[in-house]
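Presented below are the structures under discussion, each in the form of structure tokens.
In the two complexes that follow, chain A is the common piece, with chain B as its partner first and chain C second.
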Partner chain A sequence: MARKNKKEAEEKQKKPLPLWIIYLLPSMLIFTLFVIYPFVKTIVTSFFATSNTGALTQMVGLSNYISLFTSETYLHSLGTTFLYTILTVPLTVVISLLLAVLSSSNLPGMGVFRTIFSSTMGISVAAGSVFWNLLFHPTAGLLNRVVQWFGGEPIGWLTDTNFAVYSIAAVSIWMNIGFSYLVLMGGLKNIDDSHYESVEIVGGGFFYRLRKVTIPLISPSLFFVVTISLINAFQSFGLIDMLTGGGPNNSTNLMVYKLYNDAFVNFRFGSASAQGIVLFILIFLISRLQTKLTERLVTYQ
Partner chain B sequence: MSKIELRDLTKSYDGKVNILEKINLEVEEGEFYVLVGPSGCGKSTLLRVIAGLEKITDGTLKIDGKTANHMLPKDRSLSMVFQNYALYPHMTVKDNILFGLDVKKVPKEEQKRRLAEAAEMLGLTPYLKRKPRELSGGQRQRVALARSVCSQAPLCLMDEPLSNLDAKLRGQMRTEIRRLQKKLGLTVIYVTHDQVEAMTMGDRIMVLQGGKIQQTGTPLELYNEPANTFVAGFIGSPQMNLARARMTDMGLILNDSLLMPVSEEERGRLPQGGRWQIGVRAEQIELAAAGDPLAIPVRVVNTEMMGNETQVLFEVGKELFTARWTGQYLIEAGQDLAIRLSADSFHFFDEASGMLTRAALQIKGHAALTA
Partner chain C sequence: MKKRFGKRFAAMLISLLTLLMAFGGCADSASGGSSTQTAEGKTEILFWHSMSGANQEVLNKIVDGFNASQDEYVVVAENQGSYDESTGKFFNMANGAGSAHIIQIGEQNLQSMIDSGMIASISDLIEKYSFDDSDLLEQVVNFYTVGDTLYVMPFNCSSPVVYYNKEVFDAAGYTEFPSTFEGISEAAAAIAGQDSSIKPVGMYAYGYALDQMVTNMGGYIINNENGRASRATEVSYQEQITKIYDWIKSLQDGGYLLNYGTDGTNTISGFTQRQIGMFIASSASARNVIDSSEFEVGVAPLPVPEGVEAQGVYAGGGALCAAAGMDEQTEKGVMAFFTYVTSPEVQAEWASGTGYFPICHGAYETDTMKATYEELPQLQVAAEQLLNSQVNSVTAGPLLSQLPQLRTDLQSALEAVFNGSEVAPAVEQAVSSTNSAIASANEGVAG
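Let's look at the complex of A and B:
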């Protein structure tokens, strides 16, 4: 036995390069190049003033961060982002949960509804924006026609500062339902029928079943959907770029859109990097907080 | 308190194929009634129809004399134990046991009392604060039973409740469920595919196959007088030996290959006709004494030594027959052996339909109790 171990140890020593390095190399390379390097570079840049080509000109310490938190535009953008998140995340999750519960029964024709409800997953942001742009159109748009038909004044869905952020939030909810719905549907399908039948035998109603059985049993999927939706809300960009361009009067200027503007329109790479770092810390903290708060409520089977 | 009556009950999902066909059944109060059959025979569907989880296509279901075809499950005052126990992973054992009592508006004090009683009865008191995943299979099974006990419903439906347990535990739980049922005076309808469970637990048994009733009766009725070849082969372990038989001048010929001499008296007791299917229980095949004129030579294919008994397998035509003898017989495969068969211990079935024409006249051990 001892001799055998010794022999094995010798063989190990003889091997020149462990094979696993070769297998890991491609992903390590890509990861370093596209994740670690940009991340480090962003941190470094956030402490510098830059030329408009992005070259670091002068170390400025924390002044990029300080000017961010004293800038009214930035604080406004931060506030709008929070509002937008609070608008979109709960509504997306609640609506997709209800749709999933309603369409999870095995009635004939449910397949049609399931396809419809999950279809926005297959729609690109660009296509969705074009479509909603038509609906939002001040004079020819369907929404305003409906409003006028009821005798209301036409609304500047995307041009009124009081409405724009809500309009964008609505489109975003519509776009995100597809994904959330699909994930929650998957969770629902994993619940054994006997769990529902037990409720049927004791005579619990729809809400009893939802509260006591469905929600607790799909809590892992719910948790996943909430986390992803939160992160997505903080990183919203496409819809804003397509529909409002941050306007009117900065009312839809969310953090990522502002970051993009500062970096690639105004060429202030130092400030943009600082915004990137702030956003990173924010998302990190919020996901952490959310995990801590909801961990207790999630039951894995 | 709970008497179940089914009249010509039929169930079909698509209107073409009947999953259950004209089922007639009466379960008395306090009876332990077992539905048994191979998988896909409709026994679970029948149970779910009684529970109200499936709609009735045709026929009537009566509970306590009232027609219950369209009654909601909750109004049928029954409880159900599922194959996978239907425990909720996010609830403690206590909440799982009490599940549903809040819907029925049972007062908190009463719930507490019932919980204590049920937990005590099933030995779950130390585990009330645990989650189901922290319990063993047997304990989970007990939680499911405790839920049923707590509901105090007079009728309990059980759908293969023991099939997820290992053999030893299954034996234990069989006794435990039976004891619980007697103690509480429950009416139980119990679904299983295991004929051992059916035989050991049931007051009465219904054998189902292809959605049709094959036979109903007490365990011994089914064992001693199987209505057809299906029941004969299904009830009893090892399986009853079945063969085609025809009468000739020399005796009975089984499966066209084994000649079995028949004495004059036995010949007089044979049923009408000259061709049948016959069935003979393993314990009715005897080892022939030396010089027995009715001995039949066979060649042993295999033996299974159980310790207290020995099962010997030999070929009859293309079928394997099993003989079971109490005691330890050291017999090698390939050895030649002389056995003795008596036509009086044969069940005779109609050759075409497989229906019983004459049950065995003598059954080994039948007089044991009265003697």
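Let's look at the complex of A and C:
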């Protein structure tokens, strides 16, 4: 006890004047203004009914949350968001990992492939949507021309409830590959050649190399890519807004898109804030869970 | 050294606190104070609009025309996204510095704007500046008047119409476009029997057209006489919308229908590329559709079921709001701009270049308009559909802050029908979704 007190006293003495406050103040103020204040405000708003300019008019307790979870549309939107996440995240990561591994060798001409594979990184959501919207066009689109050439019936890529979410997911994978590819490529380039030389000595093949050397050594990048893709999937908005507008029949009405509509089109800020909080809790829990699960698998050199 | 630090931080703290207070307090404050002047001493008037593409070019010409016509004011026109988006931005700006003095809204934003208390009463301005409103179309004034107060200045009026490929319908023996659901179904069957390369009917889920069709069939879209007797609490379109969906479903089941989801642009390109024979869309794109089609385009009023008399439509499209709490000089400028854009010549120029129709009687008498209608009689159809509309509480049109939600729900229901759902459950889903949104929005209305 006495020793502990002494240590504390020592620490106290070592600390200079509270200069740290001065260093932290700017970022603390900015954080308070742009992160903490809006966050607290969102929590408060979610317990209120609001006027259409956002003023809190009437405390309604949990009723915003209760009506969310009894609303068929919202539950459906939750389900669709999960489906969309499951569709996009694993495929994005697996495809970009494969592309990165295949194009990481130093053969001549690899630079061309690397540029192509990472090029979607430079395409804005708006440009990508316009381009895909043309491909998906029900009558004049290239995709349906191909389907018809093979003798099939034209498909309502974005207008059929059975297809829309898959079409959007495909576009999203295509768009996200560029970024994941770049990050994973960076990870691959950091692996020291000596690791591969030892594999050669052991005599392992491609998959042995991938499993025993490549994946463990780029696991930090992999972990980063998975986390970011997951959060992006939960928050995706642009593609939906430009390609389907949440349709057909709400089949692509993901959580953030619904939130946006409730807040900024229909001006029901109370309900929208409640949705924001639900989304926050969801992403928080999933990221937590993911960190716990993969913690052991990630090795930092 | 330390003292200087302290001072700096005090200054920083104060400025940040001021910022915070500005954020917190902005909900109640209105602008006012002095007007914004340009370098030449002209008063600047900020005008937010939602016109894009070809229509934006015509609008810019009109604004330039106003700026050149006098030297006291400069109107700066900015596109701020769709009607719904710019309405949202307008609310967020809370009439602070940099916010619009004039904002263009769609008919679906009227109730929200009134509820916000952030727009001036046009009736008051009309009285104050003795603006001559006798020439405005009564149907349009009817829509935008709530409890004897006119809240917006009519500007760009449109109504949904049927566009059809005249060659295709002529070839099938229909030189007159049918005016009933049943008639269109028969024509569709005839076309399908002759020409397999084209789908007789194309359609996209378009909420505005759907609620206009309800109006045309004589139904109130929402209760309490379209929300005009007192604030609406639930929808009341069930009877009419069921008939509309039943008709669409029968077309679909017959294989005569191609759906484009909710994408109006794709529908238009499908039509101009001869993939569909007809579709329903706003008359605002008439000029564009006619100009980009190589065949003769026909335009017809909205159909009704057999045995129902068409009531006409309410005056949809857009209109101009004036922000509340402007200073005298800006207010004068806004009224000068309103006087200019509602004048017959400018309205005629506007209507000829787009597909909107003039909102004042005088414009129909101008040479510009007459020449345009001579050249493109299709543009006249949309105007006549409104001009021939009865003026009563049904065609006054719906007044509801949740109108965008109501339309989204109607679209979802129609898309469900497109995808094979039965009509009754689809309508039921839309009704319950919209009603709960209305209830939750009404909860938030102060007072």
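The working rule: the second predicted complex is superposed on the first by the 272 of 301 C-alpha atoms of A that agree within 3 Å, B and C clash if a C-alpha of one lies under 4 Å from a C-alpha of the other, contacts with A are read in each partner's own complex, and residues count from 1 in each chain.
Criterion: a residue touches a chain if its C-beta (ideal position, glycine included) is under 8 Å from a C-beta of that chain, and two chains touch if they have at least 3 such contacts.
What you see is a predicted model, and the numbers here were worked out from it, not measured in a lab.
When both complexes are superposed on chain A, chain B and chain C end up sitting side by side without clashing. More residues of chain A lie in touch with C than with the remaining chain of the pair chain B and chain C. Looking at the shared chain after the overlay, A:216 reaches chain B, while chain C stays out of its contact range. Using the contact criterion defined above for the overlaid structures, shared-chain residue A:267 touches chain C, although it does not reach chain B. Contacts of A:62 after superposition: neither chain B nor chain C is touched.
Of the two partner chains, chain B is the only one touched by A:192; chain C is not.
In the superposed model, A:204 lies in contact with chain B only, and not with chain C. Of the two partner chains, neither chain B nor chain C is touched by A:112.
Superposition on the common chain A brings chain B within a closest Cα-Cα distance of 46 Å of chain C. The contact surfaces that chain B and chain C form on chain A in the two complexes do not overlap at any residue. By the touch rule above, chain B contacts chain A in their complex via residues 51-53, 72-75, 78-80, 82-84, 86, 88-91, 99-101, 103-104, 133, 151. Within the complex formed with chain A, the chain C residues making contact are 5, 9, 12-13, 16, 19-20, 23, 27, 84-85, 88, 91-92, 94, 112, 115-118, 205, 258-263, 266, 269-270, 273, 275-276, 401-402, 404-405, 408, 411-413, 415-416, 418-419, 421, 429, 433, 436-437, 440-441, 443-446. Per the touch definition, chain A reaches chain C in the complex via residues 22, 25-26, 29, 33, 37, 48-55, 57-58, 60, 64, 67, 71-73, 133, 137-140, 156, 158-162, 164, 244-250, 261, 264-268, 270-271. On the side of chain A, the complex with chain B involves touching residues 192, 194-195, 197-204, 208, 212-213, 216-217, 219, 299-301.
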